[in-house]
Amino acid sequence: MQEVMKKRAIELLSDGTVAKVIGWMPGEFSYDMTPAVFTTAEEIESNFVYNDFCGANVSKYVMREQKKASDAKILVFLKPCDTYSFNQLTAEHKIVRENVYVIGVGCDGMADVEKIKAAGIEGITGIESDGDKFIVKTVYGDETIARADALAERCAACKSKKLTVYDEIIGEDGEVVENSGRFDLVAKLEAMSADERFEFWRNELSRCIRCNACRNVCPACTCEQCVFDNPKSGIDQKAAADSFEENMFHIIRAFHVAGRCTDCGECSRVCPQHIPLHLLNRKFIKDINELYGDYQAGDDTESKHPLTSFTYDDAEPSVIHERGNE
Amino acid sequence: MTNETLIPYLGEVTDIRIDTPDVKTFRVLTPDGVKPFEHMPGQCAMLSIPGVGEAMFSITSSPTNREYMEFSIKKCGCLTEWLHAMDIGQQITIRGPYGKPFPVETELKGKDLLFIAGGIGLAPLRSVINYVRDNRENYGSVQIVYGARSKDDLVDYNEIISEWMADDGVEVNLTIDREQEGWDGHVGFIPNFVKELNPDLKKTVLMCGPPVMIKFTLAGLMELGFEKTQVYTTMELKMKCGVGKCGRCNIGDKYVCKDGPVFRFDELDELPDEY
Amino acid sequence: MMLYLAKDKLDVFFEKASEKLNVYVPVDNTNGSAYRKWTPGTVVSKGLHTTKSAKDFFFPQTENLVEFKMSGKAIEIIDPRRETEDYAVFGVRACDVRSFGILDKVFLSDPVDTYYKNRREHGLILGLSCGRPAETCFCGTFGIDAAEPMADVDFTEADNGYYIKANTEKGEAFVASLGDIFEDRDAAPAEEAKAKTREVLKKLPLSNLTTDGFGGDKLDELFDAAGWADLSEACIGCGTCTFVCPTCQCYDIRDYDTGHGIKRFRCWDSCMFSDFTKMAHGNPRLTQKERFRQRFMHKLVYFPANNDGEYGCVGCGRCLASCPISMNIVKVMKKLAKEDSGK
Amino acid sequence: MQRIGVFVCHCGTNIAGTVDVKAVAEALGREPSVVTSVDYQYMCSESGQNLIKDAIRDYKLTGVVVCSCSPRMHENTFRKAAAAAGLNPYMVEIANIREQCSWIHKDVAEATEKAIILGRAAIAKVQLNAPLVAGESPVIKRALVIGGGIAGIQTALDIADAGFEVDIVEKQPTIGGKMTQLDKTFPTLDCAACILTPKMVECAQNELINIYSYSEVDAVSGFVGNFSVKIRKKARYVDETKCTGCGLCTEKCPQKKVPNEFNLGMDNRRAVYIPFAQAVPKVATIDADYCTMLKTGKCGVCSKVCTAGAINYKQTDEIVERQYGAIVVATGFNPIKVDKYDEYAYGQSKDVITSLEFERLTNAAGPTSGKLLRPSDGKHPHKIVFIQCVGSRCTPEKGKSYCSKICCMYTAKHAMLTREKYPDTEVYVFYIDVRTPGKNFDEFYRRATEEYGVHYIKGMVGKVSPKADGTLEVQASDLIMNEQLRIDADLVVLAAAIEPDKSARPLATMLTASMDTNDFFTEAHPKLRPVESPTAGIFLSGACQGPKDIPETVSQAGAAAAKVIGLLAKNKLTCNPCVAHSDELLCNGCSQCANVCPYGAITYIEKEFVMPDRSKKIRRVASVNPAVCQGCGACTVTCPSGAMDLHGFSNRQIMAEVDAICK
Amino acid sequence: MQVNEQFTPTIVAFCCNWCSYAGADLSGTNRLQYPANVKIIRVPCSCRVNPMFILRAFQRGADGVIICGCHPGDCHYTTGNYYARRRTTLLFSMLDYLGIERNRTRVEWVSAAEGAKFAATMNDFVAQITELGPNRRLEDLRCRK
């Protein structure tokens, strides 16, 4: 895969189709790739990598590069879930589609080193993919782990392997995954009592250190200045000085991206405190699907999202008060 | 009074003077009616209205003033707008003094001094000027070049006219940017005015004003033959916590609130270009 | 001879210690661990690092500095501080122990930060030597020996228990106060364990990382190094690295209007945030490149320049593990060093 | 930081009776930024307003808080007072301590505490107020009247009389409305047609009045002074400009079995018809539901007989779009359906009729040419029972909760006229109460009982049972005599409740005018602004606002006309400055706000920004048209960055109020 | 939860200017009583109510927040309350999901003519919140009195 991608990137750069390539450069270990922008064939030749650990959603980098120079043609490699974010960004006029050459990259799920570490493997110096397992080299000896066990949380409940936007495809396009099970955890929480839910979320959100990684990485968070950073907004907060502020930040952030969140899962991936933030966004998605009909943000670039549309006979807010578990 | 660095003292505004349409000078005492603390010219104090904000301001009164402390403040943000809307008798909080002062007792002693100020840039220099006037015997000649957009924007105009100009051995050169009715003084920008005045190269320069003025005046001084080692300025605008710990005010490895705010231009030259 | 505490008596130790002061121990949570006050039944994490460093104990993420009550034109100033209780922090690794020294240089230098000082004086550090360092560890780069934390009291795991050594008077007094729960044993197993640790340290992938090319005298060449642009390219400007870092100490002071008074509090801030240096008059660090550069220049150049060559990094590796885009000080050091040697 | 003056109104004892106004003034005087705080008997009085004006000057106030009645009442009064003293009117905030405090609480301490908190909230808000300048928009000097009954006719005539163009949209083929179906009118007993038809003709002849008959309003957009209305001219298959109203087609049409709605289905008309002789416009209409030609394509008789060549079977609905400065709603009423009242046997016997049907039976132009004959057998009835309040003053399940107002009087009229024409007929009226509050009304009612010998019985009719002999057994209770009655009546007349026309509800939605639960249009103020809808530029005329009789309708029609004339006489309207605005520095151009704007007030522009490093960057940002924006604020919540905010109700202002209340 | 006899909740009611605020006025005009701890904030439309206002109220010590607007279909601005309906539904659902008592929030449609409904709604809501007890899950301890 990596070699095909490199080849196409070099071709498109050389024939002038694009001026920049958004890809990945290698890290110190075999799992810590950093997104990178390449402008020459040489750089790509020597420094472009793509492997099972390139999980980050790079669609937002397209926006960032276009902000620097809106007319430079950019090549970007997008995984299926990235394409949804890309479409949503296009819909919100954050990306000029014409100036991007999208190569859709088929995806069967990305690995997450956190999962490997959580399995008790320490001192990782190298990871090799070997069919349905990974061979992990460590300072304490070699280990193996099943691919399925190393799969990123969000990939284990992948919603779609379909590339919703591309100019060409490398690998294979897939289908929307029916019964992905991505709402299972949400449903489990819903089934709890209010006290249990409160306990659960307090335990999670109290760890928040307000590093803003979730927000800054989020492809739906594209404000010029976040309300929480803007002293004029009246609700700015730098650190969660009270448990209320932890709740406030995450509720409002989830609300601001409600209907626009494509469920890419970056927020949870980047959280240094491992707070399952995607469960907040998924709650909104689940509610929207149940109350207003199935909606997937980033499916296309035209539809109005559920919070900017309505029907005359929408559910009344009282449905919340009337349903199960108080 | 505590020696806590981050807990302020109480201050009371006992007098408010309107200098220009957007500059007011506030006299601050403790509620007991004494000067909050002693300082040296060029040092700053942190003023605050709780809930509105805390900001660093140059102390504009001279240390030789034993009765009170003064701050000339230009309206340019949330806190300063509040300060401008205050009535006499309002309490505020104050902490300080912060920063290294102008070296009035060391390097500047015995020197001929040239003060160059633009607009509100007079505020930090006023402290030095009055200190020098009150310790006249310790210094050589004093020349003040001061300019503003218009006559109405000249801060401390009355003091300049009635006190500084009346002093022997103090030369005051005023200028405004554009012609104005009732003004028969010099008209023009400070950098050019300084060049026209062609000051003696022996003078030590203390300069403060907007960045553009500083940039061009410094270039002008260089043209005239001044060395950067002869020119001082102050950068108190960059100070935040005042105690050298919050991590904001550094320019390279120098902290404005500990190593400054007063810098000589040759010192600034050694710092990375990030200010 | 050394004092020894069998593993199964660790809880007894915590219980005894808790009679004298509050004991905090690392406890596992979702995919990580954090310090919690020990109470009977608390299970101590077996992990290497807490997700956040131990700096919170002295420099918490938010802390009230002063309160004001306003009425009419009058202001009342209230110091909100209550007496701090003594406490001990168990399981602090060598890197974090070193970080306290770095924080001390900032907060205890003139003018002394009394909030920090107060907490520091009431805190006792119980170090724990590392048995299984991670691939992200590079404390050795800064001359830290993971086997000898040099805390008030050091614990070395060996022989199904802990060998204990007090390094400070405060530590000695603490150990002595606990009386007879320790037994005296031959120190050989401890030394053996340390030696084993040091062997592992040598094998770590980052063991060859050096500070060559960095330091207080390298300002000019490093400030203008070409590498910053590429290094900072993918940075998303979050504060993860600064908030998990044991030595980052930038803060902001803010006022909060509670409706019946103003609370002035201090909270962590990050030089990586776009508004960190934003002032009414502009922002001297306009792009992420400058902000990114500031963080690493501070650790590798400015801090040593002002502190006798001591670097502002302890090689704990937390930022390596938590950066959303896997950019970190190691990559920075390697790239800049390469660039430097290429000149 | 503002300099705020607080003014606490006693409102006589309305406020001061429950709220310790002195304590309120004193407490609010201690709030930061408040430089003066006083209480006064009536702040809205001239001297009260002068108090405010003087304080603005004396204390150099930058903000004013008036603690008084609802801002819906006097906000404008105080804003004007402030403006007169040189303070921007939008620096005034009202704390509603009457409707929302003194009137709903009894405990003085509690009410006083609440008044102080409401005052604090207003102070907190005014702290963040900014002077606003109202923009201006032009006024289109034409009015639209929806409904061509007596209300609409009178309104149109009065507006035209002032020299403004008026369009009337009437869904029936003719204007005239319900009044055309009436015989005589109470209490004067003059002939309805005699007084109505001249007005109808006047409408047709007035050059400034344009009648869209057989038309309906399809869509309304715009705002006060600038409405744009789509009118659907329904296909009548007759060219209005050619038809002379000769009536030949209506005589020759072979389709004779069409129930005649003008006579409430008591006789038949043809498929092509002119509702009645004095119809305006006097133009035939083909009823597409019955016309053989339109249904089967075979017939064409009318076309053949029409000498003017006016028949056009190919005609289709036509949409006309017209601009108006003001719109008057005069959609009128209908009697409710009485079939559901089984006890009155309306569906079971032809001789149980409604009052409007009775009206047609006594009308010379009616199905019986004015002879009172039983619908069942055409015989003269000798005993008539009138039943009042059928569906009025009921429980919501049974009917309308309100009094239909006109029934008492028209029933007295019917009873009286019956007795006058047919002295041999016995007339009984069953009533709950007889309500006669009107000029000469009670005298009229008394004449019915005293001079004409009508039997008024206070009581409820329990059941009407048709008997084999064709009579109707009316079982009732006489509440005064406390006895059960049985009357064998020949005819039973039901005074059915009246309700707003069904077309009113969708119309209200189009007009964004509010309605009450009974679908009557809500007035801007029940006493002080009874002919205006809360939606600017929408006025109310006649029974669409509530049950009323002809004189009342006509006077309201005139009042509505006066309001319209007042509006149209202006060349420009000041716009509400409390509209949305976008902070271009914050806006990221995501388009969500435009998606929710009901007025299309938001567009996007490419704007050049100078960045801090002096480079230039072009960004897409939202831009609000203040003349089109109505200030709902939907966009402000959609905007995640807070770039979109609302003047007068900004995020920070509302949060300041929240803070003050929760403090 | 234990019911505190002394507890008088703080309740914030956001009322749209055209229907519910007028309805509240009407309830005053008709002298229909409801508890004084209900304080009304006038907003142009229910769609003006930002979730952050609701959270802010809880932060500052409100025990219940109710939003009143025109009946669906009657919005003075045609569509405002339809958006408000979706937003509040989702927000309430989220609060519930976080374990915050769902009955602390309510939306009620009250027309300008429904003075009686307004008073009845407020009486009912106050009773409901009183039974729930003070807001402890979404308050800011710094703001506690």
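All chains are identified by letter, namely A, B, C, D and E, in their written order; residue positions are counted from 1 within each chain.
Please note the rule applied: a residue touches a chain if its C-beta (ideal position, glycine included) is under 8 Å from a C-beta of that chain, and two chains touch if they have at least 3 such contacts.
Small disclaimer: the values here were computed from a predicted structure and weren't measured.
Among the remaining chains, those touching chain A as well as chain C are D, E. Number of steps on the shortest path from chain C to chain D, with steps defined by chain touch: 1. Summarising the inter-chain layout, the chain whose CA centre lies farthest from the centre of chain E is B.
When chain centres are set by their Cα atoms, the one at the greatest distance from chain D is C.
Of all chain pairs in this entry, the one linked by the most C-beta contacts is D-E. Legend note: the chain whose CA centroid lies nearest the centroid of all displayed protein CA atoms is E.
Taking each chain's centre as the average of its CA atoms, chain A and chain B sit 51 Å apart.
Between the Cα centres of chain B and chain D there is a gap of 69 Å.
Once the centre of each chain is set as its mean CA position, chain D and chain E turn out to be 29 Å apart. With touch defined as above, residues shared between interfaces to two or more other chains in chain C number as follows: 70, 252, 256-257, 259-260, 269.
Shared interface positions of chain D, defined as residues touching 2 or more other chains, are 596, 638, 651, 655, 659, 662-663. All chain pairs that count as touching, in label order, are A-C, A-D, A-E, B-C, B-D, C-D, C-E, D-E.
Within the complex formed with chain A, the residues of chain D that make contact are 585-592, 595-596, 604, 617-618, 620, 638, 640-643, 651-652, 655-656. Partner chain E is touched in their complex by these residues of chain C: 256, 258-260, 263. Note for the complex: chain C touches chain B at residues 65-66, 68, 70, 73-75, 77, 79, 106-107, 109, 111-115, 216, 219-220, 223-224, 249-253, 255, 257, 262, 264, 266, 269, 271, 276-277, 279-281, 284-285, 290, 294, 297-298, 301-302, 305-306. Every residue of chain B that touches chain C in the complex is listed here, in rising order: 2-10, 50-54, 76-77, 87, 89-93, 237-238, 240-241, 243-248, 250-253, 272, 274-275. Contact residues of chain C toward chain A in the complex are 29-32, 34, 48, 51-52, 61-62, 132-135, 200, 203-206, 230, 233-234, 236-240, 242-244, 252, 254, 256, 265, 267-270, 273-275, 320, 322, 324-327, 330-331, 334.
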